[in-house]
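This report refers to the structure that appears directly beneath it.
Order of writing sets the chain letters: A, B and C. Residues in each chain are counted from 1.
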Amino acid sequence: MAQSRVRTTEKSTLTANGARRRRNLSRAGYLEAKLGFRNYWYPAAFSHELAGGQALGVRLLGENILLRRVGERTMAVADRCLHRGVRFSRKLECYTDDTITCWYHGFTYRLSDGKLVEILTEPGSSLVGKLALKTYPVTETKGIVFVYIGEREPGELGHDVPPNFLDPELEIDGIHDHVNANWRMGAENGFDTTHIYIHRDSPLIPGNDLMLPLGLCPGDRHGISTYSDSEPKGVLDHTFESYQPVFEAAIDGRTVARSKGVNNRNIVAREVSIWMPGALKVDPWPDPALIQFEWYVPIDVDTHTYWRVLGKRVAGAAEAAAFHEEFHSRWESLALHGFNDDDIRAREGMQEFYQRDEAWDEEHLFKPDRCIVEWRQLASRHHRGIQPIA
Amino acid sequence: MAQSRVRTTEKSTLTANGARRRRNLSRAGYLEAKLGFRNYWYPAAFSHELAGGQALGVRLLGENILLRRVGERTMAVADRCLHRGVRFSRKLECYTDDTITCWYHGFTYRLSDGKLVEILTEPGSSLVGKLALKTYPVTETKGIVFVYIGEREPGELGHDVPPNFLDPELEIDGIHDHVNANWRMGAENGFDTTHIYIHRDSPLIPGNDLMLPLGLCPGDRHGISTYSDSEPKGVLDHTFESYQPVFEAAIDGRTVARSKGVNNRNIVAREVSIWMPGALKVDPWPDPALIQFEWYVPIDVDTHTYWRVLGKRVAGAAEAAAFHEEFHSRWESLALHGFNDDDIRAREGMQEFYQRDEAWDEEHLFKPDRCIVEWRQLASRHHRGIQPIA
Amino acid sequence: MAQSRVRTTEKSTLTANGARRRRNLSRAGYLEAKLGFRNYWYPAAFSHELAGGQALGVRLLGENILLRRVGERTMAVADRCLHRGVRFSRKLECYTDDTITCWYHGFTYRLSDGKLVEILTEPGSSLVGKLALKTYPVTETKGIVFVYIGEREPGELGHDVPPNFLDPELEIDGIHDHVNANWRMGAENGFDTTHIYIHRDSPLIPGNDLMLPLGLCPGDRHGISTYSDSEPKGVLDHTFESYQPVFEAAIDGRTVARSKGVNNRNIVAREVSIWMPGALKVDPWPDPALIQFEWYVPIDVDTHTYWRVLGKRVAGAAEAAAFHEEFHSRWESLALHGFNDDDIRAREGMQEFYQRDEAWDEEHLFKPDRCIVEWRQLASRHHRGIQPIA
């Protein structure tokens, strides 16, 4: 993996017009990407949501997509009949293993290629074979169905997910939720170093004996690595290497808050990284034996699907089963909800401000936001396309 | 009634630009008529809704209208006080038989001519006699109050309702409901031949022993008649004469659905017709002895009032009373709700697509949609005016 | 107080274009002031809402403001962190007596000057001392916290509240509510002479033996005084001096309504006046011993906060305590809710009409609306600034 340590220090608050113009240019693509980036793989559903051959309608980057497993393969087609534009998922009709039939007039499409193969209300229609639904490339791994949104030839999944996610020994489990905030609020909250402040009373800290500071002071030489010459492209923050942890906070010389995890044993979040098209990796988290992955997948301009996924290296089926049991009995409530639900509230709190385009010029970033500035620049310079707003 | 059998076959899916331009031109008025057509009579209320002299506020084609029966006549005036613009119907005050008083300052208008006849808070005001509410022509028949929306001299009601609706021996009963879809979704769903597919599991089929196919294949020579030289103007589909009924549907050679009504006794829907400004007639329906009439009256751009009305020829008062009893005990739940509620869901399913203007170019009609194409052309060419959007 | 009796009679319904143009010019500023007027003091909270040092987020004229009492003084700052734009009031954190800390990253501001004094997550940040929240001038009197919205140097509170409100012997109590109508609907409903018609069945009339007519006929010489040369600026209607009360209303010669208060004893509302930036005084009301003050403070373009406040002249602490007891046990339900809740419904009834800019040209005012015309002109000509819409 190619890597280049970033050495230049970018001022987080710029007042001169020239500086503002340069800053805007360097993040222009990111500001435009209200619906995310095209030509990437995105998680669309957990495999178990497609169990029993049932079809599922999902919405990604403003596109309605229908998913269905056909034998070993999972297929994805546009969730909109070509005839009168209704969504198949309003009333699912699957008569055969590899077709979807529209509930309105019986237009029936083959899932593998999207072709109109029959119209039940006019058998032998001259339209048969002449129309085809848009199909989406699909790949499924680690219990997650990924869909490719874009017009370019899809590349390897490994180029579009955080490092290690596809490691063979890594067992995965997780949840996803609807959040009322633009996807960039999700990405920036997740990658934001000092937002740990909002988690200072989280039950996870005593619950898993976590050493967690209130904040982090960056040293003179930022420990941020930017990966822009290889795939996946991302920004990695060496949090424990380059920051001074803050365990006590004072106002006017009077101590007002203390980290509850200062004397705890478990060291976590040594590295936090974000990867195109918008996926986080916190390593390790929420336990020295686990890694947390997150995706912030645009639904519409004002909403995103928040994926919270844990990975654990396991040696065989028994360890894998134990991990899933542990996930459901312990980590789902203690870590994913008990800790990350606060992040949902923080993103929704930012949305009111950042939904106004001018907000991006009105914000005042501080030194620890350097990682966010790097992420915005990377995304602006190295994306494969911007999803247009319909 | 003048009639001209349509012989030309219009391709439902046109790709050449010239063809698309011609198609768009031929339906331009219809596409513009998001709030419906002006200079027509529309059903506004059932007579029983005005019983006891009580006033009623309704909304048609984006206009708020107040209805009240004054002796033998029903009056309609704009439901908005000229003084400060409030709606009378927010708090109805009718002190005398033929006036409406505004609840806010006591501006009092004569219903027959709309004239301001008194202001209760300033008796003898100089405004009295100088202002007048807009009045609407009203006619009442068959238990329905019709209001005329337009600036031209109103014509006969018989020109604006489906044939036979005014036949003296026809007794009428019905219901109306609010639907979250543009009125054209209602009209096109109602007149659409092959949408019978959505009704294949309706309790009405076994409940009234109906012979109903899953779909209909048009023959080479379409059985569609267009009435554009006389009043009312409309399009009539000779469904049972010109289509091949489809009782069984197959995908890839495998039968996937069968009509539950294939061996049933009652033949219905021999003719389905639609009439300006947007009223359907299904003859006979839902029983060989009944006719169903429907109206799709615009409320706003995104909503319409759905009128479902049954007619039966009766010989006298006893038969009429028996019909009303039968309507309430049998047809209202079995047919109007048990069958047509599915149509409401279908229209609401189309609304998401067709509310975008470009959708009308993106749809892909098939051969049985010929009746819809005819209807759009008739409405575009022969309407009396388009209701402007405020 | 400088005073000039208005003698010219302005026609309320003008049809000539020249007249309409003149009318529009004379009220242009008022029509523009959808969010109210700048450079005035507005009531923002009752003092008891800030008890115990707790902070409170309020919204006035489209601005989010955080209030907190610091010792003897109450402070107001913009309710939006300069860092990422979140509202402090989503999760209040006040670690010390005179600061507000943002819940997201611990940005901590001094309330007195708005300055960033610390960042808990990066102690010693270079931003400290360089950023400052916008602060708002605050003054507190009569149990109400007033905030100044504007950029000019704030003047005396006495210039921006109705006369007598600050009289030392006047004891004050009241409530505030959210109303779904523009603030001008509130002001015009409150100052409107003849809207008393809507109150004719109010329980307050028998409940406090009030003499209240159904309407009021203005005499030839209007009893309206306009105060535009001194502060506060306002319009006063000498209601009982210059109008002929209407106790009985007839339509077509037949009596249809009679005041229930015609023979009652208590004379109230002798003078009704409205003052910039939008505050009403009804003297006396709802009892000969009381005065009612009202404010209609814009929240957003479509909503306002309705302040209903009663004042009573008291001789000492015991009389003051008795008044507060009387307010809660009697006036709050009988007068403020029992009478003025009808006004809320009236304003919400006007909102649908007046939210369209053209409505102001379509209304038809009558002679008693002269007071409203005067108020619009005064506000248009003598305001200190118009609040811009974001």
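Assorted remarks:
Here, a contact is a pair of C-beta atoms (placed from the backbone, for glycine too) under 8 Å apart; a residue touches a chain by one contact, two chains touch by 3 or more.
Fair warning: this is a prediction, and the values are worked out from it, not measured in the lab.
With chains as nodes and touching pairs as edges, the resulting graph is complete, every pair of chains being joined.
A rotation of 120° superposes the C-alpha trace of subunit B on that of subunit C, rounded to the nearest 5. Look at the contact of subunit A with subunit B and you find different residues on each copy: under half of the numbers used there are shared. Chain centres here are Cα means. That of subunit A falls 48 Å from that of subunit B. Looking at subunit B, one finds that none of its residues touch two or more other chains.
Considering their complex, residues 80, 82-87, 90-91, 95-96, 99, 101, 103-106, 108, 117-127, 130-131 of subunit A touch subunit B. Taken in their complex, subunit B has these residues touching subunit A: 12-13, 192, 194-198, 214-218, 246, 249-252, 254, 256-257, 345-346, 349-350, 352-354, 359, 362-368.
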